[in-house]
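Sending over a structure as C-alpha cells; questions will come in a sec.
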C-alpha cells in the first residue's frame, strides 16, 4: 500500500488567491493511498523543502505529489529534495495548479474543484511510478562549433585553450564572419580587422582546433556527450595541403568581374579567389558557377600557373563524420534588405524606398565596406553610382526593425550605435559633409554607449531628426528624402547625395533547416531559442547544444563574445566529468512478450533500437527481439505508441501511469 | 473589468493529451500571461505526441470525456526529431476510424501549439470547450458501458428487480 | 443478376500444384508443404501439411480453398518453418499477407517456396462448399480482388483466371455507411458489435495478430475491457482495426470465421481506403521496409490539425 | 486655441472617447510609437496645425478636444498613405474617419466648416437623389458657403463640355435608400450603433 | 478556347456626370474587345469619400447595397472609378473581418449580405482577365512614340492587402497595360502622390498646390500626357490645369486621358467614341503630332 504525501503550495498568493488550498489539501487527503497532505506558503523555499523532507521521514511516505507551479519550473527542485530525504526522485510528481489553474481562472470554486482533480490525477499516477535508477553515459570530450564568426572563434578558442579538441565548421571559404567586414567598432572606434585577424590566426594555429571552412553540417545524430556529426566539405577545387597561398592563380585568372560578396558587391574578384586578403585559411576557392574551366572545359590557367600543383578540378564534396560530445551553434546573422519579397512571405520589402533599386541607397554593411581601409574604395566614402563623394548623407534607422507591417517587430539592438559610429566615420572622412539621421528612439544602453551617441551629435555635428521617412525617390542625381521632425511637428525634405539604411538584423538564411538537423527550437523569425530567457540563456532545450552570438537574437560584439565564452564554459562544465548522468526517461523492451516485428525500430528517430538474439542454454536461437540502447534513446515514446503489444515501455510515462490518470477523471 | 460570467447547465469534460515541450509549455505561457480560459480541460503531459497511443483517446471517451484534444509541436519543431510526424499519420487514420464507427469528430481536436503560442492554446481550448458544450454530453460510450450483452434491454420485471438488487 | 464465374482452370491448376509439390519434396527443396486437401464433406477443403512426396497427390485447389494459409507459418504452427524450407500454396490475397509478414520480420523469403495459384475467386463463407461459384456465391473480398495472379512466386501454374467485372461489395457498403450521419453509423456498429461474444476467432485466424500477448488481454493496465460486453467489444474492434491499419492485406479471414457474422473486413477495408487516399499506400506483393504508419513525409496532410 | 498647459490626470484623459475611436476604426491607438512616418508622407500635413502623428499622440493622452478643435481631421484627404506606410499597422486613415464621425456627432466644434458643409450636402444628395450630381453639389455649396463667385470660370466651360448634368434620372431604388438612412438613424437612436 | 468575358458594371456617379467620357470610352472599348458589360440596374452612390469620412456605417451600408444589386447581373463586378473601387473593396474587406459591423449593416439593409462576388477595376480586367497578350493582339493603331505618365493616385492600390490590384508601393499595372497598347511610359516620382481629391470643392487651394506638384513631376519626366483611372484625379488634373498654370505661371499643356480613352485609341476607336472632345486640355494637337488621330 502506498503512503503518498501531498504538498499544496500557495506560491505566496499566486495559487491561494484563486484556489482554496486548505480545501484541496483536505479533500485530497481523503483519497485512498494518501497518508499525508498539507499546504504551505512557499513549497520551493528552504523551509518548504524541509517540510517535505521531514514529512517523508516522519510519515514514512512512499510517494510524493507536490501541487504547485509547472513541473517545467520546479520538478528538479522537488525531485532533488525527495532524493535528499532518501526516496527515489522519480517517485515524486508535480501537479500544476498554478500555470494551468490558478493563473488562468478567476472563479475560486471552479479553480478549487479543478485543482482537486488535477492533484487527484497526479496521486493516481504517482502510485504507478517506479524506482528509476539514474543512467550514466560516457562523454566524448571534443566539441563542434558551427560558424566561424567572432562568436564561433571565441567559443572555439576558449574550449581549445581548456585542452579539449574543437571542430570548427564555417560555411564560407574563410572564417571571420561579419566582424571581418566592419571598418571600426563602437564605442572605441578601434579597427575591426586589427582586433579580429589575430584571433583568426590563433584559430588556424591552435593545435586543438580542427578547422573546416567551405563546409556545412549535413547530419547530426546522437545525443549529449555522444553526437555523431556528418560534415559536408564542399569541393574547393584547391588542395589545402599543397596550396601555399601565393596568390598567383588569382592574379592570372582571366575572369575578374565577379561582384565580391565580402565587399557587399562593390568590389570585384576573380573566379578563383580568397574573399579578402587576410582570409583564414589563405587558400583560394574556385567559384565553379563563374569559372570558365567548369563552364566550358577550356582555360585551366590557374592549374598551369600553380607551382605546388594544388589546383584540382576533379575534387568532389567530401563527407566527414566527427564524434563530438557538445555543440556550440554560432551561425550569426544576416541583414534584412529592402528588395521586393515574394507574395505571401511574412517579411515585406520597402516599395516606398524603391525596393533597393536606387543605387545610392545602401545598407549599413555596405557603408562599412566603403569606410574600411581595406575596402573597395580604400576607405573613401564614395557613391556607388558615380564615385562622387556625398556631401549630404542621410542615415535612416529602424529599417525593417520595429516594423510590424514589414513582418519584424523586434529591435535590432545594434543599429543606433553603428549609425552613430557611421556619422563619425563620415565626418572624419568628409570634413565638409553633413550627416543627418532620422530616428525614432536612440537605444544606447551599454558601457560608454550613450556618451558615444552624444558625441556624434555634440562633437561630430551629426543632425539627428526625431521622425521617420515616408518616401525616398531619385531626382536627378539627388535622392529626395521625405521625412518629418515630430518634435517640431513639420515635414522635412532633404536632397541627399547618399542614403544609408540601418536595416534589421535577421538570422542567417537556412537557420531553420540547421535547427531541424540539430533538433533545437527557434522562434518565428528563425532565431534559435534558449532553454530559459533568464536562467539558461546560452543553452538550448536540447541537451548538449549551446548558443553563441546573433543566431539567438540581435547582439553587438561585446555581448556576442560574452555569450561565446559562456557557451564555452558550459561545454567545459560538461567535459569536466567523464560520465554524464542522464534522466532515466528511456524506453525498455519487455523481451518476454516481444515478437520481433521491429515496428519500434522503424519509427525510432534516434536509431536506438537494436536487434537482440535470445538463445537458450545450448545456444539455440529462440527469437530475435528489440533492444533499446538507453544511451541513445531520446525518450520520446513513439516506439511504445507504435508497438502493437506494448512490449516496449517508456519509463516515467508507462501505460499504467497514463491509464491511471485517465481513469482518475 | 470582466464580463458577467455566464452560467451553463452542462460543463463538458475535456481531456488534453499534450507534449511537454511545445503545447504544455504553451499552456504554461498562457498561465504566466494570465490569459483566461474555461476550466473544463484536464491536461495529461507526454514527452511527445509520438508517445500518445490512439487507445488513450478511446479510453478517455470511455472514461466519460466529452471532448479530447491532442496537441503537440508544429511540424519540424519536434524536440524528438520526428515524433509529431508519426503522430500526425497515426491520428489522421485513427480519426477516420472513429468517424466511421460513428464518433462525431467535432469532439476530437488536434492542434499544433508551440511554446510561444499561449494565445493559441487558449483559443484552441476555448473553442473546443464551447463547441462540445453546444453539442451536449458524449453519451455514446457512456450508454454502452451501462449495457449488457444483446443490447442490454431489461425487459422483464424479474430481470429488472434482479438488476436493481445488484 | 447472377453471373456464373469460370473455374474450369482449377482442375489444371490442382494438377500443376501436385506435380510441383511432388518435385520439390522429392528433390529436397522443401521439407514440408502447406496446402489444401479435400475434406470430408462433399466439395469442401481443408488445410494440410505434407512432408512426403507421396502425399503430394492429396493437394487440390477448388473454390472451397478459402483459408489463408499464411497463418500456419507464424503462430498456428510455429514449429513448421524451423524444420527447413517450407512450401506454401498461396492465392494472391494470401501472398499479400505473406509479404506483410516478411516486412515485419516474421518470415524470411529464403525460408519459403511459394506456389502461387491463379485464382478466379473462392466461395463466400455463407454458402455450402459444393455450391457453384457465381457473382452471388463468391466471397465479397474476391469482388474487389486485384491479385488473381500472384507475383514473385517460385512457381505459378500457367493458367490464367478469367474474372468478370463485379460489383465491389465492400466499396458499396463503405459508401453507404459514409453517407449516414455519425449517429446512424454509431447505431449500425453498436448493433453489430453488441453481437460479439469475444471468442477472438478473428484474432486467432488473422496472420497479423501474431503478438504473444495481445494488448486487449492485458490487465496491468487494463487498456480495453476484456469482458464480452458492448463497451469492451466496441473497444476491441476499434483497437483491432487500428492495429491492422496499414498492415491488413484483405484476406477477410476474420469476417469468414466470425460466428456472429460481424462485418469485420468492412473496418479493415475502410482503413485501407483511407490509407490509399492519404498516403497512396496499398498492400501488395512487394515487401515493404516500413508500413504507412511506421513512416512519414514532411508534407503529409494535416488539414485536420488546427 | 491658445496653447494651454496640458494638465494630465485620470480625469482629464478621456479614455472612453479613445475606446470609441478604436471601436469605430478597428485599429489600436496605443500601438503607435510616434515614429512620425505618417506625418512625413502626408500630402496634407502642411495644411494641418496638428500633423497626423500628433493627432494620434493627443488621442493617446485622451486629449480629443484639442484634436477636434483643430482643422487637422478635416484636412485629411483619405489618401491612406499613412496607413499604407505605418510600420506598426496603425490604420490612421480609419482613425481620422472615426474622429470626423465623432466630431460630426458633436456638431462640429471644429473651425473647418467648408469641408463639413461639402460633406453634408453630398450625403443629403445621396439621400434625396440616390446619386451625386456635381452641378447641384457645387451650386448648393457655393450658395451655402457664401462663395457665389467661386469657380465661376469653370461652370460654363464644363457645361459646354457636357460635364455638368443639370437633371437627374429616376432611380427605382430610392425608397430603399431612404429606408437605409432611416434604419441607421433608428439604430443610433436605440444605441445599437455608434 | 477562351471563355467569353462578361461583367456587371458599376459606373459610379461621376461617370454619369463630369466623367461622361470615361463611361462612354469604357463601354466602347469593351464592345470593341468583345467583353460583355451590363450596367447594374438602379445602382446608387457608393458614398464616396464624404460618407466614410463622417459615417462609416452609412458608407458600408451603401456599398453593401450596391454589391447586393450587382448580384442581379451575371459576372464579376467591373468598376471604373478608383474611389468607388476602393470603397466597394474596403466594404467587402471590413464586413468580412468584423462581425459587429457586419451585423449592423445587415440590420441597416434588413437583408443578408452578399460579399462573395469579385469586384474588379477595369485595369484588372484588361491586365489579368483579358490578359496583356490578347490586349496587344487587339491593338490596331499602336500608340507608338506617345510618352505616357501613368498616374495611380491614392485609391487604386490602397488600402494595402484590400484592393489587391498591384503592389501598393511599386505598382506597374497601368504601365503594363498601356505598354501593351504600344505607348512608352515614363518613370516619374509622383505616380502615387495625392491630388487633393474631393477638396476640389471645399478647399480648391489645396488641390491646386498638390496637383501642380504632380503636373510638374510628369512634365519634368518628359511625359506627353497623363493617364488616369479615376474621375476625381482627372478633374483635378484636367479641369483645374489651366487654373494651376495661371497660379504658378507655368505651362504644362498635358492632356489627361482616361485609361480607356488611350487603350481605345490603340484599338482603333475614333475620337467621337472616346469623348475626346470633352477633355478640357485639348489632346488633338498632341495626337496629330504623334500621328495618332
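Every chain is named by a letter (A, B, C, D and E) in the order it is written, and numbering of its residues begins at 1.
Going forward, a contact is a pair of C-beta atoms (placed from the backbone, for glycine too) under 8 Å apart; a residue touches a chain by one contact, two chains touch by 3 or more.
Predicted model, so just to flag it, every value in this text is computed and none were measured.
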B-C or A-E, whichever has more C-beta pairs in contact: B-C
Most centrally placed chain - per-chain CA mean versus overall CA mean: A
Furthest chain, CA centroid comparison against subunit E: C
Centre distance in Å when subunit A and subunit C are each reduced to the mean of their C-alpha atoms: 52
Computed distance of Cα centres, subunit D from subunit A, in Å: 50
CA centroid of subunit C to CA centroid of subunit E, Å: 70
Interface hub residues of subunit D, defined as touching at least two other chains: 81
Sequence positions of subunit A contacting 2 or more other chains: 352, 405, 603, 642, 646, 655, 659
Overlap residues in subunit B, where contacts from two or more other chains coincide: 54, 59, 76, 82, 86, 90
Touching pairs - complete list by chain label: A-B, A-C, A-D, A-E, B-C, D-E
Complex contacts: residues of subunit A adjacent to subunit B: 70-73, 96, 98-101, 103-107, 110-111, 113-114, 117-118, 121, 512, 516, 519, 521-524, 529, 541-542, 585, 603, 605-606, 634-638, 640-642, 646, 650, 652-653, 655, 658-659, 661-663, 665
Contact footprint of subunit C on subunit A as seen in their complex: 128, 592-599, 602-603, 624, 642, 644-647, 655-656, 659-660
Of all residues in subunit A, those that touch subunit E in their complex: 340, 350-352, 354-355, 405, 473-475, 480
Contact footprint of subunit A on subunit D as seen in their complex: 33-42, 45-46, 50-51, 53-54, 81, 85-89
Touching residues (chain side subunit E, partner subunit D) in the complex: 13-14, 16-20, 41-45, 47-58, 61-62, 65, 69, 94, 97-98, 101, 104, 107-110, 153-155, 158-160, 168-169, 192-194, 196-199, 201-204, 206, 210, 239, 243, 277-280
